[in-house]
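Chain naming follows the written order as A, B and C, and within any one chain the residues start at number 1.
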Amino acid sequence: MSYIANTESQRREMLKVCGVRSIHDLFADIPERLRPKSFSLPQGKSEFEAFAHFEKLAGQNYAHLTCFVGGGFYDHFIPAAVDALASRSEFYTAYTPYQPELSQGTLQAIYEYQTGICRLTGLDVANASLYDGGTALYEACQMAIHATGRRKVIMDGGVNPIYRKMIRSYTANLSIEFVETPVTHGLKASKESNDFDSVTGQSDRKRLFEALDDRTAAVLLQNPNFFGVIDDHSDIVKKAHDLGIIAIQSVYPVALSLLKTPAEQGFDIATGEGQSLGIPLSFGGPYLGFMAAKKALVRKMPGRIAARTVDMSGRSGFVLSLQAREQHIRREKATSNICTNEALCALRAHLYLSLLGKEGLKTVAQLCFDKAHYAKERIKAIPYVKVMESSPTFNEFTVKLPIDAGECVGRMVELGFAAGFPLGRYYEGMENYLLVAVTEKRTKYEIGRLAEALEAVVCQ
Amino acid sequence: MPTPTSLKYSKTHEWVKVEGTNASVGITGHAQEALGDITFVELPKVGADVKKDNACCVIESVKAASDINAPLSGKVSEVNESLETAPESVNSDPYGAGWIFKLSNVNSSDAAGLMDAKAYDAFLESDQ
Amino acid sequence: MSIIFEKSVPDRKGVTLPACDVPKTRQIPEIYRRKKDASLCELSELDVVRHFTALSRKNYGVDTNFYPLGSCTMKYNPKITEKIAALEGFSQLHPLLPQLRRGGMLTQGALAVLYELETLLCEILGMDAFTVHPMAGAHGELTGMMLIAAYHRDKGSRKTEILIPDEAHGTNPSSAAIAGFTVRSVPTNTDTGMLDLVALESMIGEQTAGIMMTNPNTLGLFNFQIEKIAALAHQYDAQLYYDGANLNAILGKFRPGDADFDVVHVNLHKTFATPHGGGGPGAGPVGVKKHLEPFLPISRITTRPDNTYALNYDFPKSIGYIAPFYGNFAVCLRAYAYILMQGGQGLIEVSENAVLNANYIMHSLKNDFHVPYLKTCMHECVVSAKNQAEHDIHAIDIAKALIDEGFHPPTVYFPLIVKEAMMIEPTETESKETLDAFIGAMKRIAIAAKETPQALRAAPRTTPVGRLDETKAARDMDVCFLG
């Protein structure tokens, strides 16, 4: 399938203007010995053939399983208008808005998106987007390191394990000390009794307060945490601030319509994954890293920021601002290297928040909470199965099974369910524990069927 | 903008006024013009020790962010806080109201390597 | 046009959700609840649709206008790729599925897409292995720098410097610095537009961990000294990095792998036609030679004896996780579809037409504008507004005047080493008529620069807003609507 418009005859005219005989002359600077040793690709397909090929591949994926898997990425309802508006090509075939007069649509949308993130988190300023929740958390870490001049970071064990791995990978070549604190009281005792009931609770204050010191740049917490548990970290933030430490919280944006905000808890920076705001799961991406912070930190924020201003006639307009910190100006002294970010995903998030609105988002969150609670009740009733209830949860909770969780999930797939995420994958010793997520899309019927299937599997 | 004869100048376009063991520092008329409209000055911390020719703070305009070097070694004794709300004074009055920071404990022999107004103007000519 | 929040009407409802079908027996405890609701919009669906439709009409995109931004490769984004990405078998797939027991079997189609893309990229670039995890070009550069760091660390060598040409894109030095390296800038010989080899020879040494190159470089010129540079680098075991931003010029004509590059990145949202989205999402896959393969990020996709695909995490020397999952899958999917539709011959024609289009523009404008390097350019040409300076007209004025002529301006003031630079990259998907219209507009502007410069300085006048006060924006910092 070729998208080239020019005909052979037009090319001949153009070659004349260039003063060469053939197109090959235009590549004369590339010596023969540097030409490709091989360039063997399949023959091009027509649009029709290509689509058939991909329908077949798509059909090989089990996207139809009733989804109870979360882990930070959720199967939420996406209103049709999000797709309809985000697929307007004036939005998606546009470039980064460096020529603001031609990009007022994109720029105003980014400004409004930033505002939405600020209103959700309660903080003062937000940026235009980062790649995903993990890189956003890493960038927040870097902000804290630059702002304090210190090189130690405390990460709570309830922070998404994938994010913790990412942060360590990014900083491997830099001399930063990491301390991880568990989400438990007396892990030792738990190991002896093999009972992680207290593991899936809230952040361990004792261990955190021991770790926080005046060499610490940042403390990273998550709410709800990876186990779905809700917390109020205000006490930890206060202790951090007493020691000059920057407090960072990774959050679930849908939950924020109901939960105590990072701002209310005193956090300096909030980051998170915006996939839940109108972005399809799409096997891992593209996603959306959002970041909001207190006003004093705005100049240390990575990424693009849209600002409102006026033109020469006094008309209101928008531009990308604070670019002096960015890579194309500061180069090796830039605060971050990010260039292309996730603008279209931010647009989708803003569309989602606008379409659902104040009440709509609260309703989604409430449905998630209520349905998750119902699921807990149904699963609790299954013999030999225990639901971790030592702390309140939002829409995700931990279940202890009498068998290996991975094995259980494997058998549940055959019954049509993606029943949950086996925690043993990221937490040693938790092989029998399953993380179950429920969103507003799961019906009472589906939840009931999940419980019945689970009972059948564990009681075999 | 004429180059004041009472001041000394560095090759990185800072001006210095040395008075005994104290000094005031800012950027030159040439520097503010090259940067364009100043949007922000990240002032150094009072009490910080700075080393000669090392970057000690950052000045931002819409199109650039530049390091300001300490023309002499010393300790930051005062910073021009009015620049926080009115960074534009660096553009309108770089040698007066647009001063950036003051140093104490300076070694006046450090100033020996700095240029006088005439030498600085000649330096600007040759650099064009 | 008002901010969407200004349009809210208290109690107006947007999208409806189903009623709760389960008993509500618990509440979130008060101490964990927020005190006040987030003041999000209160609008009807039509209100929102009108607002965003109006916003879209204030935007230029490839679909509306010629967009010759140098080094951005604003080529046409095939609509079929949108339809492919929307297939539910892809869009509804949870990324944790393949991490479940026997979970690989649940996502064979998706794993096939990524594996096949990696294989095709290896052939196109001449490399031994690829990772599609990096979520943007700059992310790919950072990944490449991390791979180089891991390689040297593994060997026990303490190499701390990366050498980068001064004409390089800002993401090069910033990525290297963020990965923990010291960056040194290598000058370009402004007469030839080529890297100053003598300077490079004096700067390279045992401390050099790597050299980053873009070829063709940001001046649009093919660097014919590449073999000498590779030999020099490898003398010191410095790894040679290829920035693939300009790949659209050389598909099927040159492969960095053949020229001894050790690590490369490509921009799927440039060369491989995935949409720019107003600033992303993109993807920046990284390719390596065998000696760097052990360090690639995990997971990697491998094939089993029965030809099924599996996720493999067993790479002890891997740099670890640089993405939460497998990269920007939906972007990779579009690029893979594009490559399959082009085929080998199609990709070659892409570069041939891209280069022809750029040279056609350069030769058509050489009498109106200063062309610093008047020799065959590649997929982009750099012209300068140097000659217009005598009328006090600068590149920015020409850019704004082009807007009134109906064109998105080219990249201005980059590369930094050319005064008043305008970098024009038409891409292969533009027709001769469009190029001729653009050339006509540029010629008119060149005349206006002489005869009516004040009119140019007032441009643009046909857009919803005129030139915006960026100083006021940076000083006021109104980045969140407080109304």
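The rule we apply is simple: a residue touches a chain if its C-beta (ideal position, glycine included) is under 8 Å from a C-beta of that chain, and two chains touch if they have at least 3 such contacts.
Keep in mind that this is a model prediction, so the values were computed, not measured.
S.K.: Please work out which of A-B and A-C is bridged by more C-beta pairs in contact, and write that pair.
M.R.: Between the chain pairs A-B and A-C, A-C carries more contacts.
S.K.: On a CA-centroid basis, which chain has its centre farthest from chain C's?
M.R.: B
S.K.: Roughly how far is chain B from chain C, going centre to centre by Cα mean, in whole Å?
M.R.: That gives a centre separation of 38 Å.
S.K.: Would you mind pulling out the distance in Å between where the CA atoms of chain A average out and where those of chain B do?
M.R.: 44
S.K.: When the C-alpha atoms of chain A and chain C are each averaged to a single point, how far apart are the two points in Å?
M.R.: Inter-chain centre distance comes to 21 Å.
S.K.: Tell me, which residues of chain A touch at least two other chains?
M.R.: In chain A, 324, 329-330, 333 touch at least two other chains.
S.K.: Considering chain B alone, which of its residues make contact with at least two other chains?
M.R.: 39-40, 60-62
S.K.: Name the residues of chain C that each touch 2 or more other chains.
M.R.: Touching at least two other chains: 470, 473-474.
S.K.: Please name which positions on chain A make contact with chain B in the complex.
M.R.: 299, 323-325, 329-330, 333
S.K.: Help me check something: in the complex, which residues belonging to chain B touch chain C?
M.R.: Within the complex, chain B contacts chain C at residues 36-37, 39-40, 60-62, 87-88.
S.K.: Spell out the part of chain B that touches chain A in their complex, as residue ranges.
M.R.: Checking each residue of chain B against chain A gives 39-40, 42, 60-65, 67.
S.K.: Going by the contact rule at the top, pick out the chain C residues touching chain B in the complex.
M.R.: Its residues touching chain B are 470-471, 473-475.
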